[in-house]
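Submitted below is the structure of interest, expressed as structure tokens.
Residue numbering begins at 1 within each chain, and the chains themselves are lettered A, B and C in the order written.
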């Protein structure tokens, strides 16, 4: 490339960098999951946070695995996800600090109203999954390394099924987010595991109904972490912490608990102050 | 399914009539990002197309094939490449561009450059075939000859630029990855459509899609009438 | 009137040849063109007339031999010569913008460019079409505009390649009259044609080209009174060799 070409490229880069700078409020980037975004929770709580602090929260909604990747690369200030095991590994590897448990909701098993696996009325998710595998009833898996996917795989494990070996034509991996996977489950129709929030916000249910809910195994904890500023010096330490502090403050916890669809709460705040 | 389709049409109609502020912001950002990308790409692609059309250098045929092939560049691949470039851990991380409209402009410009350059190359090569002897006879130096070709084919080149705009406005794979579909910051028509699809609100998603189609249609209709008028005016 | 001393002329071809992919188009052509006269290159289709003209004008380079200007400004031959092609190449702009285009290359200011272009269009009788898109003019009008575009440069030498081959008789007469006027203003004319009547009307001297070779050169009266070569005699009598 000629010198003029390089000059042009640099000028363009500078111009790109200038695009978003107009009238900028202080902001942080939060890498989070599709469940928090698609359910509408952020739409409810972020305006409250902004009204309180003036800080804009920019949410990039991905699967938990991808969201952690974004944090690992330093492309977000805060990560809010739901896969405790992976979160603890993230902290242990030094990518994140100050993890706090913010809220939980639950997963539910949904499936066709025609009940092809014959599981109506059961409360035991492990037994239900065994039945689905036995009958080869269609099952749609996220297959995308998301928090929900990780949870689903743990459920199979608890059911005593090695899903990688047991899966057949009945087990479909969509490789997509919760919403698209629900669309696919509705079209097939098939069973699938989803977080309750996304399900409540989901409009294209067709024949799908809740098959199993309320099992202790279906508990879904969300945690929030600051991307380690020692590793990524540009991370907005103070603003990020202020958002995390607000989430676990009485005001933030109330805001989370207050978010309902059709009178049903989607998330349950459960921050517990550390013992010390 | 047909009821869904009509529901989508109704949703599109409502969206347009109600001109909801959120929608206007999304449409506005779509336009700004795609227009900025196309302008950037044009500034690079026209000279590039002209050079490949006119200059005689080793590997020129390879360059033509490459340009034509790159027209089919998958947006997702461009998105990923730009993501890795702009990521804080990447070589251009210091600019802090990831998850901003600037990043989307960057990615779309990369997608659009080959389209405009390849189409412009063809247009300019054809015009050169026609003009070459006259311009050389008049003693036009190369720089001015190139400028004359660009100027005289400007309405055909506009078609190339529009093809680029269509591509930029319609793609979702790249802007989703590098923009992050952040509400109010990097959410554009296509990523909004993807979002509504994943929320299962198919009529709203398709409604947004129809709005996008109308938008692209309007831009093309305007350009077409401009071109017709120009033909009457300049021959 | 062009009253300057010759800057480029004379033009000397010394055994100049052009071959395309090994096939000879022009074969060892040698002649000298002096200022003043109207030289017409005559010959059948395919004799190499157009290639010879492009060679003289500098659009082609000889594959063997030399083409040289011997005048005092021979180092910059582009400026003082112009060419009109068989099919006029009009830029996608108005007629007047086409005529002014060459002046812009000569670095003349815009106001003067337009004034001179206008005058040139008026001289070829196209003043009323100045603002029309040039490519929407008729074939004859386009050729007149091309003549104006050449004339406005006040070239020392004007090359014309079968300028009337695709025109009707009225347009042909108009073109011939303008070529005469350009010559009268002091420009050396070098023109190709395969039309004997036109050669008689326009030429001071004839260069007869046959299958890539220059086989005869004579004043127009002597040439038509008694060509020296059998090929030229056959051509005049309308026979094909």
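Throughout what follows, contacts are C-beta pairs under 8 Å (C-beta built on N, C-alpha and C of every residue); 3 or more make two chains touch, one makes a residue touch a chain.
Given the structure is predicted, the values throughout are model-derived calculations rather than measurements.
Enquirer: Based on which chains touch which, is the overall arrangement a line, ring, star, complete graph, or other?
Expert: If you draw each chain as a dot and join those that touch, you get an open line.
Enquirer: Mean of the CA atoms for each chain, then the mean for all of them together: which chain is nearest?
Expert: Per-chain C-alpha centroids compared to the overall one single out B.
Enquirer: Centre to centre, using CA atoms, which chain is the farthest one from chain C?
Expert: Farthest by centroid: A.
Enquirer: Round to the nearest whole Å and give the separation of the Cα centres of chain A and chain B.
Expert: Between these chains, centre-to-centre, one finds 33 Å.
Enquirer: Using Cα averages as centroids, what's the distance between chain A and chain C in whole Å?
Expert: 79
Enquirer: From the mean C-alpha coordinate of chain B to that of chain C, what's the distance rounded to whole Å?
Expert: That pair's centroid distance is 47 Å.
Enquirer: Which positions in chain A are in touch with at least two other chains?
Expert: Expected reply: no residues.
Enquirer: In chain B, which residues are in touch with two or more of the other chains?
Expert: Where chain B is concerned, no single residue meets two or more other chains.
Enquirer: Tell me, which parts of chain B touch chain A in their complex?
Expert: Interface residues on chain B, with respect to chain A: 36, 40, 43-44, 87-90, 92-93, 95-103, 105-106, 109, 180-183, 185-186, 195, 197-202.
Enquirer: Where on chain B does chain C make contact in their complex?
Expert: On the chain B side, the touching residues are 130-131, 133-134, 136-141, 144, 148, 152-153, 232-235.
Enquirer: Mind listing the chain A positions that touch chain B in their complex?
Expert: Against chain B, the touching part of chain A is residues 8, 12-13, 15-20, 29, 34, 37-38, 42-43, 58-61, 73-75, 176-180, 182-183, 186, 201-205, 232, 234.
Enquirer: In the complex of these two chains, what residues of chain C are touching chain B?
Expert: By the definition above, chain C touches chain B via 54, 57, 59, 78-79, 82-83, 85, 89-94, 101-102, 105, 133-136.
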